[in-house]
Amino acid sequence: MDEAKPSVVLQEVSHVYVSGKTAFLALERIGFTLQAGEFVSLVGPSGCGKTTLLSIVAGLIAPTAGRVEVGGKAVTGPSRQIGYMLQHDYLFPWRTILDNSLIGLELHGNITEGQRSEALGLLAEMGLGDVAGQYPHQLSGGMRQRVALVRTLVTSPDILLLDEPFSALDYQTKLQLEQLIADTLRKWGKSALLVTHDISEAIAMSDRIIVMDRRPGRLRRDIRIPEEIRAASPMKAREMPGFHRLFGEIWNEFEDMEARREPL
Amino acid sequence: MDEAKPSVVLQEVSHVYVSGKTAFLALERIGFTLQAGEFVSLVGPSGCGKTTLLSIVAGLIAPTAGRVEVGGKAVTGPSRQIGYMLQHDYLFPWRTILDNSLIGLELHGNITEGQRSEALGLLAEMGLGDVAGQYPHQLSGGMRQRVALVRTLVTSPDILLLDEPFSALDYQTKLQLEQLIADTLRKWGKSALLVTHDISEAIAMSDRIIVMDRRPGRLRRDIRIPEEIRAASPMKAREMPGFHRLFGEIWNEFEDMEARREPL
Amino acid sequence: MIRNAGAGSGDARPADLPSHVLAAHRKLLRRRAVAVLTTQIAILLVFLAVWEVAGRRQWIDVLLFSYPSKIARLLAGKLADGSLMPHVWTTVLETGAGFLLGTLLGTALATLIWWSPFLSRVLDPYLVVANSMPKVALGPLFIVGLGPNMGAIIATTLAVTVIITTLVVYASFKEVDDNYVKVVRMFGGTKSQSFRKAILPASIPAIVSTLKVNVGLAWVGVIVGEFLVSKQGLGYLIIYGFQVFNFTLVLGSLVIIAIVATVMYRVVASIEARLNRKP
Amino acid sequence: MIRNAGAGSGDARPADLPSHVLAAHRKLLRRRAVAVLTTQIAILLVFLAVWEVAGRRQWIDVLLFSYPSKIARLLAGKLADGSLMPHVWTTVLETGAGFLLGTLLGTALATLIWWSPFLSRVLDPYLVVANSMPKVALGPLFIVGLGPNMGAIIATTLAVTVIITTLVVYASFKEVDDNYVKVVRMFGGTKSQSFRKAILPASIPAIVSTLKVNVGLAWVGVIVGEFLVSKQGLGYLIIYGFQVFNFTLVLGSLVIIAIVATVMYRVVASIEARLNRKP
Amino acid sequence: ACSGTAADRTKIRIGEVTRSIFYAPQYVAISQGFFKDEGLDVELTTTAGGDKTMTALLSGAIDVALVGSETSIYVNQQGSGDPVINFAQVTQTDGTFLVSRKKIDKFDWSMLKGSTFLGQRKGGMPQMAGEFTLKKKGIDPQKDLKLIQNVDFANIPAAFASGTGDYVQMFEPQATVIEKEGKGFVIASFGVESGQLPYTVFMSKKSFIDKNSKSIQKFTNAVYKAQRWVAEKPVDDITAALMPFFADTDKEIVKAVVKRYKDQASFATDPIVDEKEWNNLQDVMQAAGELQQRADYGKLVNNTFAQKAIETVKK
């Protein structure tokens, strides 16, 4: 692990959405630390504030209260250290797939030939090699999602924030991309915060899983993944002995939250 | 099962996308029948043409070749018999959640007070009761997806086309909605064509699973689900003895397709 | 970074946060509205003051540019003897009619060519070219067609507003995300429903901004029309002012136009605010 | 239902389908383009024919409305003796300059007020009201400011085009999906980058349609400017035509304006086509 | 007179209020080279309308204006530190004509009573001269006839041709064209009826005249030469001299108009602005209600250049 990499610290973060005459408490006193090189998954029921939390860490929205630090410095806006893959792709319809992938680099300065071929390589690795010259509207939902992932990865940020990056992908592709991400992060000692609805995916990829509760969004559990599962590849991890126990544990958390709720 | 309900028949359906100087064969000679009251899942790698196929059945795009019939009549455009839930929600930003849910009914004629409260009930059942008066941009990704589902369900179509309807939902919510849909369909004897990336979901909900291949999109397998799994509820089905064998079988289909492909 | 209104109220108890934030947010909105209004008024006052001083000290040619207090005196005098309001009413009436008709006809025409892509492609060059015809040169057409009366004035106004409205509104129709139309069609919606339920509501902001453009164009059209033919109205006052080389009268008429145009702007802006109440 | 070009080629072998469909699609596009052009030309010819017949048979007042062949003769004569082109060139030059400057300045101003929402709120009423000032009444201002020369004419053109461009382009900036800006900011993009990489490219279609509006407005502005002050140009020919009661000359000048405006339209349309090559 | 190269000629910028055959002497002075002979390089711009012409003059965009002398009175009426001085008269009568829709053999002004009269717009010299004449003929323009005054100068022929009005007050060459087309008949001249007026005059700012008195003198000389030329030459020659300025007008029409104006002595024969004419103008304006205070002849008129021109040129 590289010692120079930054960590993310959240202290007592709360967020209120205001619109018109109403104010809605989306997050309440969230506090946790994402160590440098750590992979943390964020799970919780739909609408519990996961996307909001990621946007706050990314510096896209300022929290109503509390403090967010990246590498010891307070976050005041987006920075190059952080790569954020939004829940929806928002590819630019007027750019080709390749140009969409390069937008981050373009915003950071001039694009070298090396970076260009790196992006092309990444696209090819994700099975998009032959659509690099096409436009977003010509792609299927899952293909667009992968382009958004490439767009985030090519800027090689130190901290990756991923909001349901594999939700539109088939099982095989998803496993391969999990593997790809895990390898990349491990190799360069980068950290990641992953939002997912797939508990297996969370267990298989993470060092820690944070379970969030809803109304208002709060931390419910912070679960450390045993070393043997962490060491295994995402694909292998799913077959480890402790995997099912963990799955059940998290499952029960959801069941409990569910039970508290009005009948769905 | 109601004998008056229509069935869907596809014969030798092919589709080519044209844009500018290129033409792309997305579907090649697809043929199958969705019996009245049947639940069929469509699985296949990302980009294999599932959405295209649904759009053709819905009458939104005309196939380049081949024939689609609903209830014995050739499809020439969208009809009220069919309810199609798009892969992306496309809620109208200028309408409240309730009004978004009612758009289908509104297009069919005047909305009765009964339909209105039915829609409100459905929203509440999906955990959206308290956001009925809000606007789409105030909702989380998963909440929006559920609104799109409500919008499709309230028109009570005979045939449901669902394009990854639960992809942004957490496990619990997803299971509950699966149950809701399954119950509704069974109760009224309606049919459904479901696109999903979740093989378990496909097995748990369907009478048949169609596996599609990619480049070009073709039918690969048509797998009938054993009676005992079909009879069980989606939640129970996942624990049935034959479930894992079926999962493995479909999994292998994907592995085979994967193997044929350039390295990802 | 979107600075949230309540950032800084970190020591409030989380349970109280929403109401705190809401109050802070409202305060911010109010303060912003006040700042905008203050600045607008300040700009106006500074402009008037500079003009007044420049006029009184003869830095500008008073004969050509007059100055505010002189204009005010003239207008006050005409207001007192009742000779001003008939002119104002005539023009306001014509402008109102031209504005409404122009916006409606333009939007209707835009709807028509949206309806038929073929028609839109056929008419496109004709619209652009028709729009480039100098309306003043078309005077005889209107006079012969409608006689030298208010009809000719409103026709001139329409000539000025309709085509621009059509082009701008049609462009905004085309900009609407196809997927909204897809949703309507998915439910078996007709073409007319696609238009009413998706295209039109999605274009409302664009149409409202066209209204702002039209407020201006309607005035220009009416004044040009009154140049061509009129015995009453602000445009008439302007040419009369020119005839007798009374630029104070000309500028006074322009001031009244500005005042009434501001009122019209306020109406349009409040429509806009009402439509945007949502987000 | 989107009818695909190749629907009906159901008996082609699937492997050949793409090339079949592509060929059919191209043929369809070509056929459509031909149909549009044919209709446009037909409309023009019918219009000219009706005008000609109406003129020759005295259904319309020839003194006021002339007829095509008479206009053509006049123009041909003036073309032959070389007295026409200087007027045309003067006006085309002025129009070109006014068009480009107006579009650039308007877009720049729209950019500025996009940059500062405060400024935009402050200036909004001023823009609308300024736009409602009749440009003809401002003539003396330009003459004093710039002298009775091309400067005053171009200033008039700008007065006509700039504010409308600003309002329309700014409205289109505001229409851009916030999420595109979010993407840019996410990568640490600056405000200026948000503008250049998201807002501007997303508004290109709207800006191009503003170009179409401006083709027309630039002409109107130049002609109005030439009405105010000129010794050469098509606007000069028009007032001169009015002065000497030679409406054939007036209409001839309008015809030339229409022709050059058509050429300008073609240029803008080809820019549009190039930008739309994508989807 | 001497003629130098273009380089050492003095440049004078003229703004004319409109392009009209009525201003024949001006065009003659240009086309016959009288300005050039005086060593002046004249640049002529049409600044359409009295307001624009006067604005251009006041703001120094032009040096000399050819415009109705009522504008100089209006400017004076508004109070000006640098008055506009009339120094060379070009036309001495009103230039409009009474045109009737029907052919009238024995016209009498009282026939206008009860008719619809399409007049010129309020505030302008043609309207004032028109109403002055009507009143002189015992007709109250407000009561005795239906007066239409709402049509722009340039559109009056169109309005008349499309059926508005029994009678119309019209400029040349519209009147001649209308007559030629058989759409109306010229039955009287307002120029003849309203008497002599300083109708169109070359004027300049006092400050300019003070600084450039030599050039103004040369200018006036040229104008006087042209006036003599117009007075002496036959209509055909004058028409030929005008044609370069009226390329798009039928030569026959120009000729007819020149003849009409020449016959009724509309063209001034010398540049002097008579005091009697001046007062007549102010009477007309006063009758129209446009004059608040009469303007001092001595303040706004400077005949010294005209007188000197007559002396020099005669020699």
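All chains are identified by letter, namely A, B, C, D and E, in their written order; residue positions are counted from 1 within each chain.
Note that contacts are C-beta pairs under 8 Å (C-beta built on N, C-alpha and C of every residue); 3 or more make two chains touch, one makes a residue touch a chain.
To keep track of the chains, here are their UniProt names: A, B = ABC transporter ATP-binding protein; C, D = ABC transporter permease.
None of these values were measured; they are calculated from a predicted model.
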item: Shared interface partners, meaning chains that touch chain A and chain E; value: C, D
item: Best-connected chain pair, where connection means C-beta pairs in contact; value: C-D
item: Length of the line joining the C-alpha centres of chain A and chain B, rounded to whole Å; value: 27
item: Centre distance in Å when chain B and chain E are each reduced to the mean of their C-alpha atoms; value: 85
item: Whole-Å gap separating chain A and chain C (ABC transporter permease), where each centre is the average of the chain's CA atoms; value: 47
item: Chain C (ABC transporter permease)-chain D (ABC transporter permease) separation of Cα centroids, rounded to whole Å; value: 21
item: Multi-partner residues of chain D (ABC transporter permease) (each touching 2 or more other chains); value: 61, 64, 140, 144, 227, 247, 278-279
item: Residues within chain B bordering two or more other chains; value: 19, 24, 60, 77-78, 88, 135
item: Multi-partner residues of chain E (each touching 2 or more other chains); value: 51, 55, 58-59, 154-155, 158, 161-162
item: Set of all touching chain pairs, with the criterion as stated earlier; value: A-B, A-C, A-D, B-C, B-D, C-D, C-E, D-E
item: Partner chain C (ABC transporter permease), residues of chain E touching it in the complex; value: 49-51, 54-55, 58-59, 71, 74-75, 78-81, 121-124, 148-152, 154-155, 158-159, 161-162, 164, 290
item: Touching residues (chain side chain B, partner chain D (ABC transporter permease)) in the complex; value: 12, 14-16, 18-25, 28-29, 59-66, 76-78, 216
item: List of chain B residues in touch with chain C (ABC transporter permease) within their complex; value: 58, 60, 77-80, 84, 86, 88, 90, 92-95, 103-104, 106-108, 135, 137, 155
item: Residues on chain C (ABC transporter permease) engaged by chain A in the complex (per definition of touch); value: 1-7, 9-12, 14, 17-19, 21-22, 25, 277-279
item: Residue ranges of chain D (ABC transporter permease) touching chain C (ABC transporter permease) (in the complex, touch as defined); value: 32, 35-36, 39-40, 43, 61, 64-65, 118, 121-122, 124-137, 140, 144, 163-164, 167-168, 170-172, 174-175, 205-206, 209-210, 212-213, 215-220, 223-224, 227, 235, 238, 247, 250, 253-254, 257-258, 261-262, 265-266, 268-269
